[in-house]
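There are two complexes below, and they share chain A, which is joined by chain B in the first and by chain C in the second.
Take a look at the complex of A and B:
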């Protein structure tokens, strides 16, 4: 009986090629994304520990514990404070700066470079600098304040002020980045719109409100979401500047989770916390999209 | 001031000048921007200047601006505690392999998903994007345990490989690939070029801009990575830059939580200067690229 030798047709060859080319990426994805995500979920239901031999099943105990753990709740509160402040204030500042730079101005290039400089430098290095500036006794900031008769502020030693100091540092570090993005968005608006507006008698404020802002919506949304996600996951800054701050006043979620996982080795609890945080993060992100999507008509 | 209804473009030269070079307003802008420049750049100045002050002078109050005594002592101590040559080497390897690898893998996958037909393409794409959106901190614990099982703790592989694919990079390249004209690919197919060949020799050169943009931004952020290196690396000889400077910082802490032993501050800022200066120099030289990359990533995003 003769065997039919089938050659693969073009489409099958293409499919085969595709899968072969995707082999490595998909493998990496499965091992380093898919598996850890599921495994973390599994851990959250066990009394898991890296070193322990046995891991008893504990159901939702880790979740219940975390939600009633004051320290963990505080990190969420801090995260809300931190992200709201840095994202919104940061956006106003960077948009303002971008608007200012979006005109014929001498030395524009120099300003762009100067404002962007903090972004490219190491977080640790700049945190060290700020730690010195913030020092209660010898810091430059308090020294300047003393000229105005204002008593020394415990920038990173006073729990009431510490988060503010962290926020100020964050703004300094990141405003330049979003400014460049806004500049790009502004320059993408065709001048025609403004000229038509001028003919209709629009003044500067009208121009901003009815031309610039609506056309900038996609950029604003982009900056909002990316800044928020980045801010929520802030770790390095806390690890360097405040270690969670005086009395947990600057303890942020990722820093906390890192400690629970790798210092206290309570992996089950940490995994539960990680998923609680994830749900929060996703929820807010979706909210952003929903909020800004409703005004698409212009 | 009422503007007469002249046709746009027909304003007299005098009127155009009146609006553009309106002196008082641009001076105000310059003042504001110079102030902002000062705020942005002063910390770097302060860092450098402090790194040359001896312990005693750093503990002075009111603080001096320029050092009364210039000293290299802080640098000596910093370099003594940490082999910065090794650290820069490690970080260089980490960042380069990670960025190059990520660009290669993400552009290849982006190409396959954007330009090739195969069963389950849409479903796979969706699963990929959906799962890649999950933040890093969700995976962190099990990721470490995998590293332990693979004996990759405190190794270059352990450091680099988990960071190779990322959602944004992948999506970015996917978008870029979509805008490559299919005719190019069709022509190559007719000429009998292999699929990988098409990717490598035809499509890649077309997206040079995207590659450049991604590379610069990825480089910039990767130099500042701390979380994963902190977890996976345990010995000084494998430190990356942020970890090294962080070590100097922790040496600066006077025992309790966040108070700083100011006399140790000099060493801290010396370390900071060592890590910041190369970055700033590269930034100034390549500034156009940095701005361009950020711009592109913002527009496409």
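Take a look at the complex of A and C:
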């Protein structure tokens, strides 16, 4: 008896084509993204040194050690300080700048370029320049402070001040990016709401509080989450400006993990720390989504 | 019925077709022969070319960024390449300092595609030798290195598991004591000599230190290595540590003779670290806020410090008019300094080990080592070169007097990691975060954990 050949219909053919086209990128994702993630999880249960031939199984020791490692805990504290400062202060600054640029202004284009320019500069190049600005003896900042009789500050040599110096750089570098996103969000708010508000007697503060902010919530959430993740992933700046010092005062988690992995070859411990960070970040992100969940309807 | 004309036409066509066919056949035959000849010619050229190429080997030599050394090395490599067309060396400067270079090298070794040659510091090559990534030197080079190293007490730094892994290069160094003669003259203090002890050292530092109106140190009488890479902090501290060990006994080590027990928490280390603490906080002769090290020295921010002899080249470049002197490491119970050897080495994955060792023989030879030292200001590490009168004159006159140059941790595979851990605790003492005793206790505990991890599963 002849076999019945089922022909695919048009929809099935399209679906098949889509799967075939997706196959290559999925494969690349699997090899270069998901496989390393899963392999790192495996390594986190071993005493894994990538130069060594043998890698003994150690169970959850890497996790236990990381959670009791004073240096790793310091990096988490540093990250919280750094993130709170750069994210919240950065958001206030960038929102302020966006509100200013959302007005009728002369040379608006120039201001946009001027504020956005740091975003497109190289972190390595600009952090080297900032290292010169921060120099205790020859730096421009201390030179300017001397005119006011303020003694020289060890901007990147004093552990009490060094993280502030890193935060100042980060704000300078990133505030323009969030400004552009806020500006887009502001310009997406229909003007009719403001007109209605004016008719109802709302002043500028009321307009901002009851119209702008609620309608900007999705943008704020986006900026909050992306800024938070970006801040927690900070590496290049620390590597070029302070190397995590002095005295671990600017040591951030990703830099610390890099050092543990590539300098000390403790891949197992570094992998455990990465997963601890992943859980932390995931928790905070979910919290943000929960807090800013409600949508505004007008 | 075909017409006569048509028949004639067809006959003509047939004739043409046959001749065309004949022409095609002839052409095909000639074409085939031509193709065959061209193929043979190309094949012969390829074989000759490949055979010619197979005799020539290009070795990749990786080294870290060094404004002082790179021009001199590139010149030497250029000379070699001119003289040896069959073995070409491709010198590649890896961006970043020694730490970045070692990171990149480790990754390349693990991936199986390291360079064919590299220079490595003795605080990190022993680990690679232990793990089987390095090739021991051939017998003639090993013999040469044993006989020609300028300071025999540094010989253990070339050896792992009883085998020599390469000859010392002119990057090698040992800590020396430097002082600013102008500041000494200004303060009316006599220059240091071999008889100085820590008492004279501190007494001089107290006269040399200058303070601002608020009582903060403005110019340090003695500059300690207080911050930076942990292993760098430890290597300068080691001079004070070794010099505190009882005279006649063994130089203290990071670990016990079994290489499995960390022993840094001992009286000699405590005495040395207490000196650090007193200089910074009791007598206030130095400060973490003062520019120190070689940069501070050339900027006249410190009167005395310990550093490698590369300082000579650095001062010549940055402060050629600075009047300064050199002396032995100041003794406590004895004067001991810490050596640091750099070896030119060959990995097991090298594409042509014989060629690599051939190049290393040439680089280690006297004319090349002399040229390297003269162009970089580095101090020689081989007997013949050091006999040149140049190395006994001026600032160099003090160096041969330094006895007891030690490389005590030569067999320790993770010396770099352990010394970094200890250096980081020394830094905490310098910043007033820990007292010396608790710093050494915590350092020993953390270092022991790292050492236990290394031996786990081996």
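Just a few scattered comments:
The criterion applied here is as follows: the second predicted complex is superposed on the first by the 281 of 298 C-alpha atoms of A that agree within 3 Å, B and C clash if a C-alpha of one lies under 4 Å from a C-alpha of the other, contacts with A are read in each partner's own complex, and residues count from 1 in each chain.
We adopt the following convention: a residue touches a chain if its C-beta (ideal position, glycine included) is under 8 Å from a C-beta of that chain, and two chains touch if they have at least 3 such contacts.
Owing to the predicted nature of the structure, the values given are computational and were not obtained by experimental measurement.
Between chain B and chain C, it is B that contacts the larger number of residues in chain A.
When the two complexes are overlaid on their common chain A, residue A:281 makes contact with chain B while staying clear of chain C.
Of the two partner chains, chain B is the only one touched by A:222; chain C is not. When both complexes are overlaid on chain A, the residue A:246 reaches chain B and chain C alike. In the superposed pair of complexes, A:55 makes contact with chain C only, with no contact to chain B. Within the superposed three-chain model, A:210 lies out of touch with both chain B and chain C [touch as defined at top].
Of the two partner chains, chain C is the only one that A:158 touches; chain B does not reach it.
In the superposition on chain A, A:266 contacts chain C only, with no contact to chain B. In the overlay built on the shared chain, the residue A:137 is in contact with chain B and with chain C.
In the overlay built on the shared chain, the residue A:194 is in contact with neither chain B nor chain C.
Within chain A, the residues touching chain B in one complex and chain C in the other are 50, 137, 157, 245-246, 262. Those residues of chain B lying in contact with chain A across their complex are 3, 5, 8, 20, 26, 29-30, 32-33, 36-37, 39-41, 43-44, 46-47, 50, 58-63, 105-106, 108-109, 112, 116-119, 121, 128, 131-132, 134-146, 148, 161-162, 164-165, 194-196, 199, 220, 223-224, 226-227, 230-231, 241-242, 245-246, 248-249, 252, 257-260, 262, 265, 268-269, 271-273, 275-276, 279-280, 282-284, 287, 290-291, 294-299, 301. Chain contact summary for the complex, chain A toward chain C: residues 47, 50-56, 58, 136-137, 151, 154, 157-159, 245-247, 262-266.
Against chain A, in their complex, chain C makes its touches with residues 99, 103, 106-107, 109-110, 127-128, 131-133, 214, 227-228, 288-289, 291, 299, 417, 427-428, 431, 433, 450, 453, 456-458. On the chain A side of its complex with chain B, the touching residues are 11, 14-15, 17-19, 21-22, 24-25, 28-29, 31-37, 39-40, 43, 50, 97, 100-101, 104-107, 109-133, 135, 137-138, 140, 143, 156-157, 162, 172, 176-177, 180-185, 188, 195, 198-199, 219, 222-223, 226, 229, 232-233, 235-236, 239-246, 253-254, 257-258, 261-262, 267, 270-271, 274-275, 277-278, 281.
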